Amino acid sequence: MDPQGIKNWFTAPMLVSFLVFGTMPFWIEAIGLYQYLGLEVMIWVIFALAVNLLLGYTGLPSFGHGAFLGIGAYAFGLTQFNVAANLWISLLGAVAVTAVLGGLVAAFISHRRGIYFALMTIACAQIFFFIASKWTDVTGGEDGLLNIARLPIDLGLAEISIKSNFNLYYLCFAAYVIIVAGMWRLVHSPFGKVISAIKQNDSRVAFLGYNVWLYKWLIFTLSCAVSGLAGALFAMAQEGAYINIMSLQWSGIVILIVLIGGGFISFWGPVLGVIFYFLARDILGAYTEAWLLWFGLTFMVMVMFKPEGLAGIWQDGQAMFGRRKAAVEPCPEPNHAGGD
Amino acid sequence: MMLQIDNIETFYGETQALFGVSLEIAPGEVVSLLGPNGAGKTTTLRSILGLTPAQNGRINFDGKVITRAQSHDIARAGIGWVPDDRRIFPTLTVARNLAIGRKKTRFRSWSVKEMFEIFTALEHLMPRECENLSGGEMQMVSISRALLGSPGLVLMDEPSQGLAPKIVQDVMKTVTRLKSEGIAVLLVEQNAQSALAVSDRAYVMDHGQVVHQGPAAELLEDAPMRERLLGV
Amino acid sequence: MVDFFLGLLPHLLNGVALGLLFALLSLGFMLIIGVMEVINLAHGSLFALGAYFAVMLMGQDGGLPFAFMQAYYDLPAIPRYIIALIVAPALVAVVGMGLEICLRRTYGKDPLYGLLLTFGAALVLEEIIREIWGPAEYFLPLPKAIRGGFFFGDMIYSNYRIFAAVFAMAMIGLLWAFLNRTPYGAVIKAGAHDSEMVRVLGYNLSRLRLFVFAFGAALAAIAGIVMAPIWGVRPHVGVDAVIPAFVVIVLGGVGSFWGAVSAGLLVGMVVALTAAFLTEWSLLSMYLLLLVVVTFRSRGFAGKASALKA
Amino acid sequence: MTDTPLLRVNQVRKTYSMGLLNKQVTFDLRADFSIEKPGIVGVMGPNGSGKTTLFELITGSNNPTEGQVLVCGQDIHQVRSDQRDRLAIHYHQSYQVRHFRKRRPNFMLRPSSTDYPMVHLFDEPQFNTQDGYIGFMLDFFRRLRDEGRLVVLCVHPNEPFHLQIMREICEQYIFVQKGRLSQAPDFDTLLQNPDVTAYLGDLVGGQAA
Amino acid sequence: MALFEAQHLHKRFADQVVLEDITLAFEENQISGIMGPNGAGKTTCFNVLTGRYKPDRGQVRFDGRDITGLPPRKIARHGIARSFQMMNLFDEYTALENIVLALPEVRAKGFSMTHDLAGDDGAQERGAAVLARIGLAGREHTPASDLSYGQRRALEIGIALAAEPRMLFLDEPTSGLGSDATATLAALIQEIRKSVTIVIIEHDMKFLFDLADRIAVIHWGQVIAQGTPDTLRDNEWVRASNLGALA
Amino acid sequence: MSSKITRRSMLRGTALATAGAGAAFFGPWKQNRVYAAASDKPIKIGLTHDASGQFANSGQAEKRGTIMAIQEANAKGGVLGRKVEYVWMDTETTPQTGTRVAERLITRENVHFMVGAIQSGTANAISQVAQKYGCVYFNTNSSSPTESGKNCHRVKFVWDGSGENFSRAAAKNAIDAFGKKWMFLYNDYVWGQNTNAATKKVAANYGADAVDEVAIPVGTRDFSAILLKIQQQKPDVVAAAVGGDDFKVMRKQVSDMGLDTSPAWLNNQQDWPDVYGLGADAAFGVFGTTWYHLLDLPGVKDFVARYQARYPTTRISVPGNVTYNGYVAMRELLRVIEETGGTDNTKIIKALEGRKMSADDRMQTHDAVIDPNSHHVQQTVYLARGNKKPADKTDYFEILTAADPESVRASADAVCKLESFADTPSYDQG
């Protein structure tokens, strides 16, 4: 690949994120946190990126995306138990099942947007939630699907165990690298431009000859598939699949996370949001039981005064120090300054 | 001056509708605002009322700048509105519609009884739900509602539309009466002749600009000019 | 067959009581959508808050820690219940006003922002409840007169259900009279129909909105108090309340008073009957209903165009 | 179709009343006329006299208390409600649209016998002299007539030229006053009616001069 | 045969008939106008012609093919483009991105998730050419939201043009423009008419009478008159109106 | 709708039993990974009690028990001369949080042991993590038959009676007293399902006739439809396996409607925090329990007095079975540490397996033993019912019988297959 090509695939913020996340297990304990937390952060970053693909890029508020995280987790466990105890097959199973169910839901709701879209996703997610909680024979009901194994990474000749949180983290990190690079590519590809155009003005896109419904369907399904991957990783991290993450509450919290981070205006918003949320939970949470209350209030203040979130504050800061984006161009973000 | 508009520019979203409109009305003066469909007459009224505030320019009413004021404050300062589509609340009775419009300002206040005198048909309509009124009946309610708000300036948008000739004459008489009470009227009309007949001065708008202004009598009498500007 | 229908009777009564309560709940929700075009996802939290305030005003262990209140707690249950029915909604109305002031920044923007803000508010209110009252379930103590059950024929009927149904009916009637027979109601209706004209008639729209939001919140609180003995009082009871409200509005149409009442009855009936015959799936029925309703009914409302439009 | 009149309003009566127990008739419209041939009919009358109600009865959006309306021989109230405008169509101003409850579901009713409206009712079309559309409108009315349809034109003449238009284009006139109809074959006959002169007020003076 | 024909279109919304038996024909390489007072059904007619609404009855034919009731994207793919009355730009995108997205070649790659649009020199060049044609050379990288109103109107037309249509529908292109900008726009339309058949909805009669080869007047959801500007102007009321006076 | 919608995932404030010692929430300065000076290093116990969700109340009740045991041990000079510290984190009654809490307690807080559970799902999640690291975990109050059956673990010890124990104690009695027409209600999750299955089996053995079976979704708040069903079916006995807040609400509605005496109710188990505060008449029907604060046995009065001295302002003024289970479990853990002379997991587990505990020591009627094959404590199960003549306002229960452990032994425990010691990592935080 020529240097220009490489530059198209990787950007400075992306490399910074690789550096930070790539070394995290080596310093996370030094700052008083623990490996499992890093693991959860990594998984939730992937999930939040998937959610933002809908919310931030396509303007489709999915208020029930937690359901797909859960479906991924269950599917991972069930494939492992019933099909083959192989990491790759189980991951594939999780992604495929989530994509199929996501595609089904998307077929129902892709002609909607705004509030109705949000409500349809809530309804669908609740239905999945109840099915998961009722279908005890398959999902383990309220107790969850237990004893999901962290299957070894099968490289044909060698096998790498991911039983330790440290090793599993690097599997998640690898997934993150692939997802981030792929998603960055995606949002700058024609497809990404079209979905973002749909967010800005879907009827115009239709009159340009694009099949809006199909694009919405595809991006929803894609987002679900990535959520399913995150769910599979989560199932491994937890060594179980539990119904709780499918609840409305968690679906809502991930929206909060994405928005506080600044998913509306930046690719990196969800990443910032997840870090903010998990740090706040572990640090603030130690000092006040009411930390979620403060988090919720922060969210309200953000919606009122700075819907662009942390990324928006960051951009304002940059603007204040006179670094207009025209000057240096390391990060051709979907920069919507002045758009909203 | 009762109302003084200086060079206002108004936008709907990003669409510019007024390109520097200026006009003025003295107390007790009746002014016609004429022009074809889409010329910006209604927008001018909406800008005065603060519903679509002017982005540039200045509007002065009764000695106060109201360019950016809230609509309800503008209304309380004494501007009444008779919108072209009547805007009667259909699920309320006529009596309630009128009651909602009542308020006190520093200008003359009107009683419901006086309304009955102007529109004799109004009295027996009082208990009716407005949904079931005919167009003309709605127009009477709309005008009465505006007057009950004790305005010093009434903005009338097509008041004669849908009214029987007799009632149009009543309306025009009311306009004359308002004038005699020192109340100013800005009259937007399609029926230029009847409007001009009661007006002191007239403005003609086109394409969001004032293209002519002058005494109403001049327009009424100068047939070629009238024909050129108004087609009649 | 006759037995079957006789057996059905109490379930139907159940459905009616539930339905009337849903209607009461959704009328407040509708008022807010009608006047300010906001889907208030915090409506359920206001509902919960109403129930908690009532618990506080009814029972000693309801969270009022003030010793000087002892004299108040010595009052018989009925006056305390009546006080709770008045004071709790008033307190919730104040909370509603606070929320409306926050919402002002979202007016005129994409309705999604209002949705997100009220969503955040729902979370915050729930947390506040949890902080003050803790996570456990509370029970609203009731005066003896409206507790217990009685037998009619072979079946048992709950006194409270009948009280709730009658009370909800009375509230709906009062609300109707307020909206249709008083000048305040007329301004609200006018504002819901044409807020621009109302402004031009000299009404301060901000103040009207504030009042309507407070009023809607108080209605949510009343519904919460009456629903409390049926649903229990716990921090996240609000989620259970806001979904039926939405279903009712979508079914009945924004701005249609009797539409909301009849839709409320329908939803109540569906919930009661699924609980009777498909107990395991009773909690799901609401969401299935929402899905079906939104799929087939979202366009062509009975009522006016609004933020609900897709 | 030669024998069937284009429009037959047969002993139609519409009353509105108020009060639940002690019913009082607040409005009473009676109409009985028929128009055999295509043409342009001018309708005038004071506000609230019943013109709009008459139009609603003819287009089938409002139900008569008594009597029936036949358009091209078909009872319009027996036609599917979504096809009534295939017989008679009402062009009203948006603020005048009133909603009526449907009495019977469509599957119990008959389809319309024609595919395009035979009776066109224009309720107060805006005659704005400044943009010149009037000319096209008048031509259009004539064209409809020439295509064999009936045009009913309701105008409040507020300017002398309105009267001119009515006189020029209409072939017969109906005047509605307090729920009663009177017909006139031409404009001058119409002006004989004292109610009409009262209705027109000052305008008629100008006209006579 | 005319390039675009609509026959006996009917459309109703709920209880209301909005289009009643509309028959229109637009000849190739002509500018056709549709005019009518507010609320006459012009925009509904436009929406039916361009596929946003499906007519209840009637037929729309383009270049001999029946395109009745096709969804907008399919109609667009037949080579019919439209602009919007309310400007429908992609505000977060630059002028060039707005145009590039409309290029048929980009549309063909729409599902590509790996292709790099910014690095596609061919598309960028063609987009820049369209921008130059509508007088926006040099503004390639300005976000659409930062353009002036007149420039945005031009970009609106540019997006439609970029699709390389055979037929272009313009919905009230002059709305919100002052007289200078209107003149610029008229010049632009005169320029592009060389390569594309144009239909314009307008209530600015003067604008339309100057540009159009044929005009249809729509009122009450029907075509109440049509003809060349000269024949229409022949009407005594038109002559008496200020249009007649100004024209 | 579901009470599983939980939320707060938090370290609820770590408290240290040792006075004055600052807790380490964050920052590298408190990390102590050097185990060399083991002799004076405090013994750290992770408490996994619920503070929110369906079982928040019970979680707090058992926390009072475990902390009481720790404080009593510290008052006597600690264990092996070392102070006993605890770190408590809220598990929110959700498995997901349970996992994270366990991970954090083990890897970040470096606890020696973990204690605390109410809901079987959360207990499972914790025990999986515990098993992965080899950390000994006491399930104090989850009475799902699966806990010591299908989902048993080498590191997990189950201290409460299981639903099956309670069913066995109650079923025979109920058939003889009330009749054979039975209706079954159960909470629709693992504890409810398994307990119900066990009850049904036992009842069927004694000749009961099941007329209907109703699964109640977790989080149900409106029981009227179910009560109407009961009224229609007219069973002699309703066997209910409904837990937590659901049970509380149901009981309230049952007594409001006057259905609490006829039919007879068989409520499997009534946890003290679920009844307390509702008055004696809310404890209707027949049910099992492991302990009652008015048992006429040695040590009970003293225990109650110590509890009241330690928690004078608590809403629940006397200890109940949940607090009791937490207390005795923690006390036993500390004793075993003392006996084995260290915190090595293998030694501790071996000392616990088959361990006998005397009746007097446990304030119960019969001796108890920890089954070495299922790690389930086999103990006395009392059959109780609502007290018609309460001695004081805490006297809700009337104890009917005291079944010895063998007679109520759960068949579900036979399913248990413990991991071998080889498969259990050795775990000793020093």
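Per-chain residue numbering starts at 1, and chain names A, B, C, D, E and F are given in the order in which the chains are listed.
Here, a contact is a pair of C-beta atoms (placed from the backbone, for glycine too) under 8 Å apart; a residue touches a chain by one contact, two chains touch by 3 or more.
Just so it is clear, the structure is predicted and the values come from calculations on it, not from any experiment.
When chain centres are defined as mean Cα coordinates, F lies farthest from chain D.
Here the spacing of chain D and chain F, counted between their Cα centres, is 83 Å. As a whole-number value, the distance joining the C-alpha centres of chain C and chain F reads 37 Å. Separating the centre of chain C from that of chain E, both taken as means of CA atoms, is a distance of 49 Å. Residue positions of chain D with contacts to 2 or more other chains are 94, 126, 128-132. Residue positions 126, 130, 134, 248-249, 289, 292 of chain A each touch two or more of the other chains. Within chain C, contacts with two or more other chains are made by residues 236, 239, 280, 283.
Pairs of chains that satisfy the touch definition comprise A-C, A-E, A-F, B-C, B-D, B-E, C-F, D-E.
Residues of chain B touching chain C in their complex: 49-51, 70-72, 74-76, 81, 83, 87, 89-92, 96, 99-101, 103, 145, 149. Of all the residues in chain D, the ones that touch chain B in their complex are 16, 18, 26, 45-48, 51-53, 93-96, 98, 124, 126-132, 156-161, 198-203. Residues 61, 63, 108, 112-120, 122-124, 126-127, 130, 134, 248-249, 252, 255-256, 259, 289-290, 292-293, 296-297, 299-300, 303-305, 307 of chain A touch chain C in their complex. Interface residues of chain E facing chain A in the complex, by the touch rule stated above, are 50, 52, 71-74, 76-77, 81-82, 84, 88-93, 97, 101-102, 104, 106-107, 109-119, 143, 145-146, 159, 163.
For chain F in complex with chain C, the touching residues are 1-3, 5, 8, 51-53, 56-57, 188, 214-217, 219-222, 224-229, 231-232, 245, 248-249, 252, 256-259, 277-278, 315.
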